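Consider the two complexes below, in which chain A is the common component and chain B and chain C are the respective partners.
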Partner chain A sequence: MFLVPAGIPFVAFVLWPLIHGVALGFFDVQLRETRFIGLENYRRLIGDETFWAAVRNTCGFVVLVVPTVWVLSLGISALVFPMGRWARSFFRFAFYVPVVAGGVCLAMVWLWIFDQRYGLLNHVTGSLLGLEIDWLGRTDTALPSLAVVVISWSLGQPIIIFLAALGGISPELYEAARIDGAGPLRRFWHVTLPMLRPASLFVLVTQTIGVFQVFVVVLLLTVNGGPAHGTRTIVYGMYETAFTPMYDFDYAAAQGSVLLVALGTIAILQFRLLGRETRLD
Partner chain B sequence: MPGESHAPKSSTRLAGLGRCVAWVVLLVAATAAILPLYWMTTGSLKLQSDAMKTPPEWFPENPTLANYEKLFGGEDGGAWEGRRPAARWLLNSLLVAASISFSAVLTSALAGYALGKLSFPGRAIAFWLVVATMMLPRQVSLIPLYLLVVGFDWMDSYPGLIAPFLCYPFGIFLVRQFMMQVPDELLAAARIDGAGPWRVFWHIVLPMSRPALGAVAIFSFMGAWNEYLWQLIVTNRPEMYTLPVGVSKLVSTLSEFDLGLAMAGATVAFLPMLAVFVMFQKYFVQGVSVGALKG
Partner chain C sequence: MTGFRHTRRQWLASLPVLGLSAWSGCSRQRPVRDSRGRVIVEYWHQPMVQQVPELGDEVKEVGDFERFLAKRFMAENPDIVIRTQCLNWEDLPRKVPISVLGGRPPDVLMDFVGRTSGFWYQGVLEPLDELVEGIEHDFQPRMFEASRLIGPDGVRRLHAVPLCGWVQVLVLNRAAWDSQGLGDLLPTGEDPRWRWDQFETALDAIASPEVTPLGMQCASEQGDYRVLQYFWAFGAEVYHDHDYSRVALNSPQGVAALEWLVEAKRKGWIQPNVATAGYGFYDMFWRGQTVAIPSGVSVRRTYDNALRDGKVTADFNGDGRVDMEIFYTMPPTRPGVPMSLPVSTNGLVVFRQENPERREAAMRFVKFLTSTETVGHYARASQMLPGRKSVGQIFADQPDVTRILGLAAECPVADMGATSPSYYDIRKRMPPYLQSAFLGLKTPAEALAGFEREAEGVLRGQLAGVQPGDRPAAESSP
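So, the complex of A and B:
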């Protein structure tokens, strides 16, 4: 009885669309009829250069963003934690504000910051290094530029998690390490890092899942998936396939299924890895 | 002897220096994180000519509300002339986010209670379905949801914007994890006193899980407020745009990038969410850490 109010929308708008989305990939959807075509869409994907560009770029985002976010948020948290309550809530606030602002607002500003003629970035690099770069229009700078934007709004959540996890480490461990003659760096390496392993894993996995779904920056900051398809991601490719005049729903659904399999694998790995350390029940 | 007393002193001095360096590093990083938002807010007060100035104005020298007048009045807005589009977008965003948040709290509370505290056949399967859908990318259901909305004739309507988010799997998970901590003895005692499952839910479980429900309300509100892809797909008419969609179209529709106008739109989208965040900061922190550490 308690399940009914949640169960109906869950099945209708969450579970069924998910199953339907996977199923669509095996069909050919036309206006009048829908025909089962088996793996035809997937065969087409294998030969599709733009899809491979999307896969490469998505992995590129993961490689650039996830380790950077981990290192930065861990470093910031480790510096903030000993400073006491006030500093902790101040910095937690400062780094979470971009999360609250959301992708579209920040994309608008970054579009201006990266602008070749009127942008803040070229003003700074221009006056310091004499460099004026078309950041979003060059194949070698477009993807890293977008990665910076994604990093800038990804730090808030991991910092909250690391600060909470740091609070859970018993001070006696540090005391024992100090008695053994370990300096601050060795204490960080041998006490803090191992104790933060579950939190780190959680951050790495949630960030990876999040970055796999990068879309807003690609659509709003670059034109048609970037110079030479240099920034298009899997989700952007899906959007373009299904909702620009191509309207190729089943082919887009097949791309979505590839994403599903990739993220499903990561989720399963997470449970395998975390399962030993934290239990769900 | 003097050597011994010297050693701790230099090490405290070193620690003091380290603390200073840490503060400087952190303040620089925090400034970098906030700078785009500062640039956006101040940029919204600049005329196009001031926004394009080199060197850039770090502080607007001739602050003006002209961009906001344009945004809400639509005088120069071309297709939206006289239709006050931004006011409507703000209303749409508020309505959509508030409905989604309300529904998420309701459904998460009920389902979280059922999955956490009641026993019924299929409970384990139901819980794993929730966890699985929480972790899997929603984009997979994008096209079926779109076909569903088209089928119901819900394009350009509030039901179309709201329905896919009525149930919030992460919220169910969060509340369920929280309710697991309510001691069973308490519920058993209430049951012995003759309270049925609804009374136990209403009088004991619900008040105790207020922090989790607060987090669900906040996160679902923020998710809906900042949602983009779905709102972009189901709205075609400018009156039905939400703030993110409307703001993004300011750039693609106008022939020239009107910096001040775009920044004004982004600021209008940002400030209400900032206010919510400042008021309910506690719940944000709780929600993030409960979701992570208890999970």
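So, the complex of A and C:
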């Protein structure tokens, strides 16, 4: 009874779309009719070079963004935590503003930063190094450029989490380590990091899930996931497959199912590998 | 306990709201009539017309002209109300299919027949043969035939009534050459045709770090005809002999064309960011950073709008004055290669109507929009070829346009497969391969082979559902 108010929206907006989406992948959906086609969409996925390009790019995003966000947010939190209350609040606010500013606004700003002719970045690199690069127009720079954008607006939440977690570490542990002769780095490595394992696990899992679904930055900063599919991601591919004149809703649903299985597997693996020893014995 | 009673009250209070939302969200029927009893017709259209000088301040922005036409129609048909909506180019291929899937499509849509044909093959459009009964001869044959497609019963029917269209020519900013005393490198106004060596010489003469002569659009499938113009110049074809079961671009001529384009970029004849260039190349043209773009003859009207908006800043001799002279030429071809040009048709379609009153109202509106008078308005406003011959010559005051269109009328139509069932599927897959070639990731031969492989996979899947005899209408030639 008590679960009903939360359960109904969950079923309506999460569970039912999930089941329906997975089921769609087994049909051929046209604008006027639908027919069952079994595993045909999944067979098509195996030979679809564009889809595998999207998978590679998405994995590239995850490899670039997730460890970087973890390291940067942990480092920033460790630096900010010893500061005074007002300083901590200021940095929490400063890093969290991109999270609430909205992807569209941030993407527009970054579009101008990356602009080859008038952008701030080329103004700096041009002045210092004599280099003006088409950041979003080259396959070797487009994906890393988008990764920088994603990192910039992903730091806020992990920093909040790490700052809170740092506050939960008992000072006696640091005292004991100091008495044993441990310097700042050893105290960080042997006390702080292990004590932050639960928070790290949470950050890594949520960031992985989030980055696997990167879409807004590709939609707004590139044209069709280019150049040459160099920034096309799985979710962008799903969007383009479903909502351009190809109307391939069922094929997009099949791609979504593959993403669901992949994300679920990765999350389970992360919990298995990193979830051990997260309890204090 | 107080908290529990409070939560239950809120929950009960929200039930009617949730129910109403669910009911309105699930409801698939739009009301047929408005509060005044008039039948509602939703008309969605491209942003084709911005300014119409003859109408002054009444038509200043995109959408104003369609509202003007709607008001005229409603004055003559007080039992119908027309609600117009202008969709931008990015929204058109997305919003309309989503609306169809959501059960709320527009009643009338004005769009490129390459997109509307997709709706026809999905079976969501009304056949419109009844609207042109007795006047078929008055429509431009190329546009009319491009709009007649095979129906589910195997009979060819009119899926869209042609409104207007355009033929692609090569538009130059002649002032770029004239300002440097190089005007004699260009074709003359009396004979605006190039020789291939003449074309390359003119490009080479004008190219500089500030000016990349050829403007090109390669970021997406929009504007693919601008790149394809150079493939046709080498005698390459997208489809051969109206066989839409396979693409024909991966041929020796196609490879030669792409090799030329890649080399042209290397020489600085094509903008360096061609792989990601979208509609921004028009702004490059106004700024004088590029001086030759494949386009229709409506560029002169676009130029007037750009001038009004302060976008035209081309100044090649640094005297502070704008250097812009629109000059239409035929696209160049290699020696011995016959010219072929794409003809793009914009037409009006009616989505399937369950309500007979709304169907009748939509048909009456389309008949009004495709009357000689209205087609003439549209053609003059958009500076495109009118879909109806009875409109007459709308470019009589522009002898250069009349001349170039006369030459274009002699050319066969370049077949882009615009009305084949797989047109958009194939069209969309080409730009990444062109980008790969421009960026040096693949050789031209590899790029075209990759495109052919991917297209084959798509067509194999598409044709599995096609019945024999379903070959779509061939784009006609004179």
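Observations on the structure shown:
Note that in this section the second predicted complex is superposed on the first by the 254 of 281 C-alpha atoms of A that agree within 3 Å, B and C clash if a C-alpha of one lies under 4 Å from a C-alpha of the other, contacts with A are read in each partner's own complex, and residues count from 1 in each chain.
Everything below uses one rule, namely that contacts are C-beta pairs under 8 Å (C-beta built on N, C-alpha and C of every residue); 3 or more make two chains touch, one makes a residue touch a chain.
The shown structure was predicted, so the numbers you read here are calculated from the model rather than taken from an experiment.
When the two complexes are overlaid on their common chain A, residue A:161 makes contact with chain B while staying clear of chain C. Once the two complexes are overlaid on the shared chain, A:47 sits against chain C while remaining clear of chain B. Judged by the touch definition given at the top, the superposed model places A:5 against both chain B and chain C.
Applying the stated contact rule after C-alpha superposition, one finds that A:202 touches chain B and leaves chain C untouched.
In the superposed pair of complexes, A:131 makes contact with neither chain B nor chain C.
Of the two partners chain B and chain C, more residues of chain A are touched by B.
In the superposition on chain A, A:71 makes contact with neither chain B nor chain C. By the touch criterion defined above, A:243 reaches both chain B and chain C.
In the superposed model, A:193 lies in contact with neither chain B nor chain C.
Counting contacts by the rule stated earlier, residues 5, 243, 249 of chain A appear in both its interface with chain B and its interface with chain C. Partner chain B is touched in their complex by these residues of chain A: 1-3, 5-7, 9-10, 12-18, 20-22, 24, 72, 76, 79-80, 83, 89, 91-98, 100-113, 115, 117-118, 120, 123, 127, 152, 155, 157, 160-161, 164-165, 168, 184, 198-199, 202-203, 206, 209, 212-213, 215-216, 220, 235, 238-239, 242-243, 249, 252-253, 256-257, 259-260, 263-264, 267, 278, 280-281. Of all the residues in chain A, the ones that touch chain C in their complex are 5, 28, 30-33, 44, 47-50, 116, 134, 136-139, 222-224, 226-229, 243-247, 249. Put simply, chain B touches chain A in their complex at residues 18-19, 22-23, 25-26, 29-30, 32-34, 36-37, 39-40, 43, 51-52, 54-56, 103, 106-108, 110-111, 113-114, 118, 126, 129-133, 135-137, 139-148, 163-167, 169, 172, 180, 197, 201, 222, 225-226, 228-229, 233, 243-244, 247-248, 251, 257, 259, 262-263, 265-267, 269-270, 273-274, 276-277, 281, 284-285, 288-289, 292-293, 295. The touching residues of chain C, when paired with chain A in their complex, are 7, 11, 93-94, 97-98, 100-101, 115, 118-119, 122-124, 219-220, 272-273, 275-276, 278, 424-425, 428-429, 431-433, 435-436, 439, 441, 450, 454, 457, 461, 465.
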